[in-house]
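Some structures are shown below for you to check.
Shared between the two complexes below is chain A, which has chain B as its partner in the first and chain C in the second.
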Partner chain A sequence: MKPPIDNSTPTPRKGIRRLWHSFRQLFAQTPLLGWLFGFLLASILENLIGYPLARVLGLSKIPVLFGVDIALKTPLLLPATLLYDLIIYIIPLFLTVRYLTPFANRLAAWLLRAPMWVSALIHMALLFLVLYLWTGINDYRVLVAKLMMVSIIITLSLNVVNGYMGEFSCSHPGFIALGAYIASIITVGFFVGGNLKFVILPAYLAPLVFPLALILGGVVAALGALLVAIPSFRTRGDYLAIISLAFMFIVKSMFENLEILGGARGFGDQPNLATLPVVFIWTMLCIWIINNFVQSTMGKALNAVRDNELAADAMTVDTRKTKMVTFLFAAFWAGIAGGLLAHVIRYVNPGTFGLQKLAEVLAMVYFGGLNSVIGSIVGAIGYNLLSEMLRPLELIKWLIIPLLLILVMIFRPTGLIAFREFDLHKILQPKIPAKMEEVENVPPSS
Partner chain B sequence: MSLLQVKKMTHYFGGLRAVYNYNLDINPGEIHGLIGPNGAGKTTIFNLITGIYTPTEGDILLDGKSIKGMRPHLIAAAGLARTFQNLRLWRYMTVLEHVKLAHYSKITYGLSGAFFNTRKRSQEENKITQKSMELLKLAGISHLADTVVTNLPYGAQRRLELARALAIEPKILFLDEPTAGMNPEEMLQMMDIIRKVQRQFNLAIFLIEHRMRLVMELSDRVQTLVFGEVVAEGLPEEVRNNPVVIDAYLGKEVET
Partner chain C sequence: MERKSKYLVISILMICAILLGACGPAAPQTIKIGVNAPITGDIPKVGEGTKFAAEMWAEDINAAGGLEIGGKKYQVELIIEDNESKAESAVAANTKMITQDEVLIIIGPQASKQAVPAGQVANDNKTPMISPWSTNPNTTLNRPWVFRACFLDDFQGPAVANFVTEEFGFTKAAVLYDIASDYPKGLAEFFKKAWEGLHGAGSVVAYESFTTKDTDFSAQLTKIRDSGAEFLFTPQYYNEVALIAQQAHQLGFTGPIVGSDSWGSAELIPLCGEDCYGAFFTTHYAAAGATGATKAFIDAYNAKHGYIPDDVAALTWDAFNLAKKAMEDCGKITGDIAADRACVKDALSKVTGFEGITGTMTFTPGSGDPSKCAVIVKISDKGEFTFYKQSCP
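Right after this comes the complex of A and B.
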């Protein structure tokens, strides 16, 4: 990446190239902390002047997802939404990156003098603040953000089985359903009543019972996984795909036929326990634990099972146990995600957990990238954003999304960001060294 | 008492008799060679002893205890390591990760350590990393520690297989044609490494080889296998000069 060093007559193309280059250099030096500051500034700005600005620009309300939905519905408003994005997001981001990067680098370096978890927690707190302020604009954003985070848990947990371990499991919707129903039964049964009344407990206990309900949902999902794992992993051979698919349908029809749980109609009235901070904390916990697992030597056994099982056996790896434990572990997190999901939309019905859900989950995993924590995060966020932003297109959306997926599969068969380690230290560290080097290299003229 | 003992082992693949009435005794620190033409059943013998297949008849004793029918990872953990004739590496993992993973059976931090990255885990992982780096040095590939195996030269891949097998701290090491596909220079280096390893750990080695020179120089005893049956057995010179062996196998090989 050498800067173009030539003093010949400037042409527009060279100008653009130079601009692009300095642009990239500018951003390459910005640590995560700098970006967080930028987004923080943008969301504060939006909270302060977003609404008046939108009105001045002739928009009836603040564009919810960067105005894509507005522009798709009424293309005439495209310039106004672009201007809005420019003023609220792009300019503040650019200014922060331009002027705050040295400070952010110094701060990032200083933070890393303490144990890494201190810096990680501070980054997370900032991220949450940004999310909180950005979603504070309206309830729709809150919903999208929560669904996105639930999707991250779902995608990551499936990636552990389908990506890291190289098996092909189709039962995730079933595990999500188990988690969703179990957690809902508990919260509704203990705090709401109606059809499913156990004993009604005082409402202040609800936030304490909720994590237990989620965990119970996860455990039940893991027990369900045991039913799939025992016949699938007892022998060598690819039975998992078919058995897990059958499991998904069995779970779905089981809930369809359970009249106490509303049958095919499902049931609602889940208390509002999956608040933004709660979903955020569970998501971070999931990323942390799964990332720990896949980076440990024990977790590397998954890759060994995938890439050469015979060699794994010969190197003392208990491959059967590895497969079982991993599959149950993934199901547990799918169950947690299910419980959260039910309390985000505050309604469950069996129809949600069918083939369409499966297609969606698989799409997020393969779109984001196999064997990669970052890939799953990107896959989940990307898919959800896209799906929400293209909502005004209605049916056409269901042409565009598969088309994009096909393109990804053609050009990156393992997904966008596959086989990359999630190196926390690298993410948190300052990017000063790169800057010093480039300062030396850049000719004085530029 | 011998370290590894195989008694009257016979194995059929369907109707094909791959190994017939095979006997073996290996003492601690001994290098035992197994030669024979392609398809004779040498690799099958390795697969039978290491638990990939269970022999139709016969028994296998390690330290006097039968390991017949045990699952392969337990046999490996009991002290029986191997390399593969057709390299079996894990394509997306680095060299260091390969050797680290072969410490699997000795990991004590458990699932809680794996999930929550406990202090115990980082200490143990560090120790495993150190041990692995030493083995990589021994195999002469420590400079490649962070390379993903698909980018390794062929010779280094073979050395990695050896280093990985040593990581399980075996009592006996099975080498299936460790110099297959190597040029003469690489072969000599490999011989040095095998000797060094054998001396350093006082390791028993069970060696399958095609190249006469390597087997004859390294082995204390040699067996010749033809169509699944041992046709000659003894000291290297005895086997080399045995007319049956020359007839069945060596004749062609020595000339070329």
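Right after this comes the complex of A and C.
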């Protein structure tokens, strides 16, 4: 037997590759907590000195999405925006990673001694703080962040059907529309009035009723899914795609003909209930529940059904029940996302929920990666950010994004991060296992 | 040594960049105007018309040395954002222009499905917005900061009714419309109400409908012919108008055919041919036979882009000139964006007798909808859209 190759002897590398390698080395030891500290520092820094720095660099305002839009519109400002990004984001991030990593690792290990949910909650609180500070600069960032989080819910819920279950469902825009309209009917009917008026309740009840409205929207979407599921799951293969596509058109034309909901003209005046914390909480809830679902026995059965339905059946998996429950579950979350979307934009019209929306949702799922929670998150964030940042390119944007999709399909046919489990413990744990024992041995300082 | 000098060069470059940024010439005083247009998506032709009209306007102003407000000249800078013909993107574009680019006023979006949600953003953020083309009442309803440059459907229906009554003295009307499409349905209802107001109940002797994508109208048209109607009102799109006019004439209907602004497309005559000659429709402006400022605009646009501008471009042009008038009326630009926006909004709601290329507009305080005249166009024997008369509220 050959002796194992010693990884510690540095292989000769040059220039950028060496730099990249040392970067990787540095980052490999940083736990999630370290990254969060880095971003926190960057957003605090931006809040403190962002505006004067931008003025000094000759930018009229703080670059909103890392300056990509500014650089695309006026390429002359590219150096200034790069410098801004360097000073505000890259250098603080680098410094934090460089100097705070040991501390972050120790803290992460210490946090993991408590039950996992404590650590998870603290991480989420930090994430929200970062998001809150970063979006505090500008309302546009708030809107982009909200749309991004709604997209995460939509993408995750579709991934459950298209990725984990391996069917091809096209009815997601229909489920989103059902959720959007039902939630809007309740909030507008109870708190705004106008064309639809039930009883006008006092405004302070609105934040309490809103979750109920969202859930009702989700339930109605799930009932809609039942209508698709009953006929289509009796058959196999492509039928679900066709029936679900028909369902999408039925929902769209139903809302076009409902005069009381504004018909094709749309339905507006939703109260401003989908604030950043509300959307954030729903998104985290969705990630948590969907992740638990796909890792449960049901989730494993789902993969079995996808890979070989007959074999799964023979192994006592109730395939029909599995498929039904999953489809309804996915539709429920799509309905929730629809309710949130309607209250973020504060307007819904049937035209939004057509083929274009379907293409967008499918693109996010396949771009991010099938059968993967992280993939869906990456897909939704990536697609939304790209779409916003490249907007100044107008028509060329619609060449770049499809081209990227084609490249992803060629080099990673199942998406960027496919078939990867979202293991919370692995994500939250410190990244230097050897040193962890040391930390474990240190008596708690109290 | 080599590494040290590399760092030295980099740090010197950085310091230079900062100093250059700080000591560069102070930016000239400019006024930023946002344009929210559907450049990609379902209706790119509308976006193109918007963009071309906006750019032409800005070039004209800047070539003349800028916008003169309170004795001081300001250059105009356009911030054009693509709303992809989607409601979300229209909201995002408006939010960005208001909070990031800090525009003084926004022109657009054109289609109502983007203008309604975008108007909400403009109103919430206290930024004036003029939609040139949106006819949905909700765009401006209860929104003091949102205006439009076109007339609404509840004006257009009565305008047709009044015109036919005055011009021909008819008392019996027939209507043929698409029940599944939003715009024709609304307009048919407004027309029926107005006509019955003028001539009493039962004066609309045939009120026939069909559904989108129907191509055979002979059943409805036979009924209309036998009902004794003196003319036919059909607020349809150009492709359906061609079929309706041809089939009506084949069935022996001889009365005039009257339509609405959805007829105003360059495609109408090639499709319809002689069957549409002599027909009338209401619209925002008539390109053929235009005079004065309207003609100057059409000629300049045609010379630059090679085709006759449609009503979207003309309305966009008017929206820009409305904004210009409001800024001039405002008297001075303080640099405090919130105060300037409020000043422009107040000036806009007080605009009276504004001479636009699509007619004279007057705003009444408390409403973002202008009171303006509709143009009645007659299709000539050569197939040109010629100005026939104006119908005013």
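Before moving on, here are some points about what is shown:
By our rule, the second predicted complex is superposed on the first by the 415 of 446 C-alpha atoms of A that agree within 3 Å, B and C clash if a C-alpha of one lies under 4 Å from a C-alpha of the other, contacts with A are read in each partner's own complex, and residues count from 1 in each chain.
Rule of thumb we're sticking to: contacts are C-beta pairs under 8 Å (C-beta built on N, C-alpha and C of every residue); 3 or more make two chains touch, one makes a residue touch a chain.
This structure is a prediction, so every number in the text was calculated from the model and none was measured.
When the two structures are aligned on the shared chain, A:N257 is found in touch with chain C, with no touch to chain B. Comparing chain B with chain C, the partner in contact with more residues of chain A is C. Of the two partner chains, chain B is the only one touched by A:I289; chain C is not. Contacts of A:L57 after superposition on the shared chain: chain C is touched, whereas chain B is not. Look at A:T187: by the touch rule set out above, it reaches neither chain B nor chain C.
In the superposition on chain A, contact of A:P79 is made with chain C only, not with chain B. When the two structures are aligned on the shared chain, A:N162 is found in touch with neither chain B nor chain C. When the shared chain is aligned, chain B comes close enough to touch A:A311, but chain C does not. Overlap of the chain B and chain C interfaces on chain A: none, as no residue is touched by both. On the side of chain C, the complex with chain A involves touching residues 14, 17-18, 20-22, 24, 27, 39-41, 81-82, 86-89, 91-93, 95-96, 98-102, 112-113, 116-117, 120, 125, 136, 138, 180-182.
Looking at the complex, you find that chain B touches chain A at residues 50-52, 71-73, 76-77, 81-82, 84, 88-93, 97, 100-105, 107, 109, 111, 113-117, 121, 125, 128, 164-165, 167-168.
Those residues of chain A that touch chain B in the shared complex are 289, 292-293, 296-301, 303-304, 306-308, 310-320, 325, 371, 419. Interface residues of chain A, counted against chain C in their complex, comprise 56-58, 60-61, 64, 79-80, 83, 138-140, 143-144, 147, 256-257, 262-266, 268-269, 341, 345-349, 351-352, 356, 388, 391-392, 394-395, 397-398.
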